[in-house]
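Common to both upcoming complexes is chain A, partnered first by chain B, then by chain C.
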Partner chain A sequence: MGLLEYALIGGVLYGLFFGLVGIGLNLIFGVMRMINLAHGDLIMLGAFGAFWVYHLLGVSPMFGIPLEVIGFTIIGIPLYYLVVPRLLATRDPEMLSFILFFGLSQVIEASAVLGFGNNQRSVPGSTLGGGSVVIAGQSFPFAWVVAAGVSVVAILALYAYLYHSRFGYATRAIMANRDEAQTAGINVHRISAAAFVAGFCLAGLAGVFAPYMLGAIDPNMGVDLTTVSFAIVVIGSLGQPLGTVIGGLVYGIATMLMQTYLPSWSNLLPYVLLIAIVLVKPSGLLGRRVRYA
Partner chain B sequence: MRRGLWVESALVLVVVGLGFALSPFLYGNESLLFSMMAYVALAQGLNIAYGFTGYLPFGYVGFFGSGAYGTALAIMFLHAPPIAAVVGGGLLAVIFGIVLAPLLRLSGAYFAIANLAASQALYFVVANPHLSNITQGPYGIKLTSVFAPTESYATLWVIVLLATAVAIYLRVSRFGLALRAINQDAQSAEVAGVNVVRGRLVAWLLSALVAGLAGGAYGWHISVFYPHSVFTLRISIFAIVFVLFGGAGTVIGPIIGAVLLYGLYDVIGISTPEYFQLIYGLLIIALVLFLPNGLLSLVRKRVRYVL
Partner chain C sequence: MFARLKSRLTAAGLALVACAMALPVVAAQAPQQIKVGTLYASSGPFATSSQSQYEGLKFWVHRVNKNGGVYVKAFDKKIPVKLVSYDDQSSTDTATTLYNQLITQDNVNVLVADFGSVLTSVAVPLAQEHHKLLFDVTGTGAKFFTKNNPYIVLTSLPTSGVWPKSLAQFLNHKGINHVAVLYDSNDFDQSQAETLKHYLDKAGNKPVYYHAVQSNTSSYTVLLHRIAADHPHAVIEFGYPNNDIAFLQALQSSGQHFNMVFTIFPGQLLDLLRSNVGPQGLAHTYTYPTPPLLRYTKKVNFGLNIDQFEKQFQSSTGKSVDFLTVAGYNAGLMIQKALGTAPKFSQISMRHALAHASGKLFTLDGRFKIRSDGAQVGETLPVGQLQPQKGQKNNKMVIVYPPRVATGKAICPAPK
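Now for the complex of A and B:
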């Protein structure tokens, strides 16, 4: 029984974190109908931010969070205005943005390899307060609990923003119908830019905890993270930010169960889950409808 | 078929055929030429799917890897002659394509990512140590007993011409026109009497076949390979960039893209892959923003019809 309990509780902690990993991707998709293929690379940058804050300044990686929010805002806003309006005007924004963000992911990955070196790095778990926490008779690293807690706070904050603020109402109006939102007098580009930057920052925030949850980090980890994020987002349904939490939990618990009982096949899991969900219920677990080809 | 295109089509085939047939005598680095040829085939095969039907197979390397492994398994377990084994590799890729055919129900990015996931899943299956008495798992394949650089070069040469011929057929035939109609507006095409499902499926399987054959010839030529060397995402990425750079939906675009960019890769990419990755990342961004229809769209403004 011990193993099962460990896998389930660990899966919930892990899954809450993975909800945070996927949510930025989903927010950007929901508002702009664009797949940010550089999402995993932004998480990687966030992780390296935490690593350098710890190594150069010698302080807890948590101090990296405000720095990263500032950094991603400074990068995100010009990038939005440079790229998104132009893409939205093309004949096939979804596909072309997919390719463009793929290019961006290559640029980030290559720059990271050049800048940080092609080595694996890690941050000791003690930097978030060492020791372990006992939940239902099972002990887990304290860092996992912190990461899960911050994920919950971040997701609740996004929820409050979307459902209880004027900007949030406007954001959801754009998600529902961009043209009508514009006709209703909403400054579509300003709201979208805010969502774009928020998506970047959420990726960076997830990255801060990546060294604790994923073990070592390296500049090439972005592609896998993008695929996993996409799997999580699709499980929860694209364009539904809160569904991502469910997607993260499904992924987290399934991963933990696989690692406990079938470790050699566990790396197949996100891909198989993704294909299965996409084929059986492309709209995701919470989805309303999806555009078929 | 438009008059005059016969001449252009024949010219493309002759230039490609003579180019890759004669270049080993002029240029000593045969492995570069072989890889370039493999990428011409892959770019053309990806173009058959993406350029003509609009489906971007991000996991295109899955077919390439299936072809390489199918060929290797046919040689190791069935003791098939290598050329027959390469054909078998192509057929295995087609079978993989049939398995993935339900993905064609998805649109745009959903399809691309699901296909990527499928190729990664296949990679993890092939590389799994539990299957090492079949696929050798992570320990890799050795086909040194049938190693034959010249024959395998010739085989790939035939495959490149075949891929080019398929692309020409799609460019000039009624069926190709139907595919382009489906790509632009599937519903209208359906109303006009085009069989949308069959059209997409045929193009998809042709595309899989080309990659599978190319993978088979590649595996035979290098004769020692690991799961990662034939399933790396980099192969998909290269093929996509080459097609976008040259111009999707044309015959000569992917060829030009593969020859130019792979040549560039050979000059700077092998010694400093990060710089190359940086350059082609920037290149992709610039292409999407400023030249979404590829290099050939510059020519197309002057010339009425580019093959």
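Now for the complex of A and C:
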């Protein structure tokens, strides 16, 4: 029984973090219908930001969060206006965005290799307080609890933004139908740019906790993270940001259960789940049928 | 008349024979340069190790060219070495294409594999198919070596099936039972796990936990909790450097404690592990120490010894020495030996030359001894433990088994 409890609680903590990992990707897709294949590389940059904050300033990577938000905003706004309007004006923006963000991913990875080197880097768990926390009689690394807690706060903040703010209503209107939103007088590019930057910042925030949840970080970790994020997003529901939380929890719990009872198959599981969801419920766990008027 | 005809035919026949004999001489003219083809990974999970290995090989090329080239016995002269190399980015797909290119387009004279079993695995069948001798530097997967393939020779490290022999003996010798084995599902780690299990089973010491995980596993917290449920006295983790780092970090942050913990790469890439896990996380960890942690200074009869290598490599490249730079340089030494003693300039002749040198060569990497299938069995991997030293920040590598090479005693069980 102890093993099952541990796997379930560990899976929830791990899954909440992966909800944060995937949510930025889904927000950008929901608003712009573009798959950001550089999403994992943004998480990697966030992780290196945390690493350098700790190593250069000697402070907890948590202090790096505001710096990362500023940094990703500075990068995100010009990138949006440079890339997205042009893509949206083309005949096949989804396919072109695939190619463009793939290119961006390669550029980020190559630049990171040049800038940071290939070696793995890590941040000691003690920088988040260290030690362990007892939950339901089971002991978990404190860093996992902090990462899960911050993930919940970030997801709730996104929920509040989407459902309880004027900008959020406008964002959801664009998610539902970009053309209709524009016709209704919504400044589509302004709202989309905000969502684009929010997606970047959420990726950067996930990156801050990546060293604690994923062991070591290196410039090549982005591709794997993009793949896992994509699986989580599809499991939850593509274009439905809060479905990503469900996707993350399913991924986390299933992975931890597999690690406990069938470790050899644990890394295969997200993709098996992905195939199963696509076959059984193509719109994802929280997906709704699209109504074509 | 018949006699005249007969003598003319005989003369013509002799001329033909002479021409035929002359052909190979023409074909075997000394090349302008010896092309050594290899791959390296500038990115991806094997980049750190691959680049170290590549640096070692480049150092060897630089050294021999500085001395006028490598001596080739078949032509009785020194010929400059040209290194032809491509970046496989740690991808086996890319590596397959590039190995093919080295063999069929660049027509390299010597083929050297990239780091590790994963990137070597695709070179083995290609080299065999094209009858090209593969200088396998660190691809120790036991499946690479078969009786019907003479086109492979493992230059550094014993085949991974041999690695855990000392470890198994140590566990049995110390009476450590209840062993948990967690390994990555690749040739390198799997063959070690299987060998260890074989020796433990044979001694009636059946592992209490024996499971594989995927090589890209990065989360070990729940796995450690699962392992702890079986109350093992020793936890053996066979993985690549990224796995070892994630495993040791998770062990540190999870608060789990085991009497003995073993991982592979602290013995090969100590600086990398130290910078990621810290001295505290490595304290009392067991590993296989390799050069430069294991120093064969006096026995070396071919090439630089470890002291000379460290000094010259650092002054030449400005970089520090780790095991993989040693392995890369050592591969160069084996190429040098093969070319320097093979009577013919052919792949099989080089292979025979190395078989002939087997057991007689002692380099900075240890004894070079190969089986008939090309697997290295001469170098032994003792068991070492990183032991904290009073007043010192870093742990000291103490060789604890086998007794003939031991430099100290194991601290077992590890204190909490």
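Just so it is clear, the second predicted complex is superposed on the first by the 288 of 293 C-alpha atoms of A that agree within 3 Å, B and C clash if a C-alpha of one lies under 4 Å from a C-alpha of the other, contacts with A are read in each partner's own complex, and residues count from 1 in each chain.
Simple rule for what comes next: contacts are C-beta pairs under 8 Å (C-beta built on N, C-alpha and C of every residue); 3 or more make two chains touch, one makes a residue touch a chain.
Treat the numbers as computed from the prediction; the structure is a model and nothing was measured.
**Student:** Looking at the combined model built on chain A, do chain B and chain C fit side by side or clash?
**Tutor:** Here the two partners, once superposed via chain A, clash with each other.
**Student:** Touch test for A:Leu104: chain B only (first), chain C only (second), both, or neither?
**Tutor:** So A:Leu104 only meets chain B here.
**Student:** Could you look at A:Ile35 and tell me whether it touches chain B, chain C, both or neither (first, second, both, neither)?
**Tutor:** In the superposition, A:Ile35 contacts chain B only.
**Student:** Based on the superposed arrangement, let me know which partner A:Leu268 touches: chain B (first), chain C (second), both, or neither?
**Tutor:** In the superposition, A:Leu268 touches chain B and chain C alike.
**Student:** Touch test for A:Val113: chain B only (first), chain C only (second), both, or neither?
**Tutor:** A:Val113 sits against chain B and chain C alike.
**Student:** With the two complexes superposed on chain A, say which partner A:Ala231 touches: chain B (first), chain C (second), both, or neither.
**Tutor:** In the superposition, A:Ala231 contacts chain B only.
**Student:** With the two complexes superposed on chain A, say which partner A:Leu96 touches: chain B (first), chain C (second), both, or neither.
**Tutor:** The answer is first: A:Leu96 touches chain B but not chain C.
**Student:** Is A:Ala216 touching anything from chain B or chain C once the two structures are fitted on A? First, second, both or neither.
**Tutor:** It touches chain C, and chain B stays clear.
**Student:** Mind working out whether A:Phe140 is in touch with chain B, chain C, both or neither, as first, second, both or neither?
**Tutor:** In the superposition, A:Phe140 contacts chain C only.
**Student:** Which of 4-12, 166-174, 220-228 or 256-264 in chain B clashes with chain C after superposition?
**Tutor:** 220-228
**Student:** Both chain B and chain C touch chain A; at which residues?
**Tutor:** Of chain A, residues 109-110, 113, 264, 267-268 contact chain B in one complex and chain C in the other.
**Student:** What does chain A use to touch chain C in their complex?
**Tutor:** 2-3, 6-7, 10-11, 14, 109-110, 113, 118-122, 124-125, 130-132, 138-144, 212-216, 218-220, 224, 255-256, 259-260, 263-264, 266-268
**Student:** Residues of chain A touching chain B in their complex?
**Tutor:** Contacts found on chain A: 35, 83, 86-87, 90, 92, 94-100, 102-111, 113-114, 223, 227, 230-231, 234, 264-265, 267-268, 270-272, 274-275, 278-279, 282, 290-293.
**Student:** Along chain B, where are the residues that touch chain A in the complex?
**Tutor:** Listed in rising order, the residues are 54, 56, 102-114, 116-118, 120-121, 124-125, 128-130, 186, 233, 237, 240, 244, 274-275, 277-278, 280-285, 287-289, 292.
**Student:** Within the complex, which stretch of chain C touches chain A?
**Tutor:** 42-45, 47-48, 51, 90, 182, 185, 211-214, 216-223, 225-226, 229, 241-242, 245-247, 249-250, 252-255, 272, 275-278
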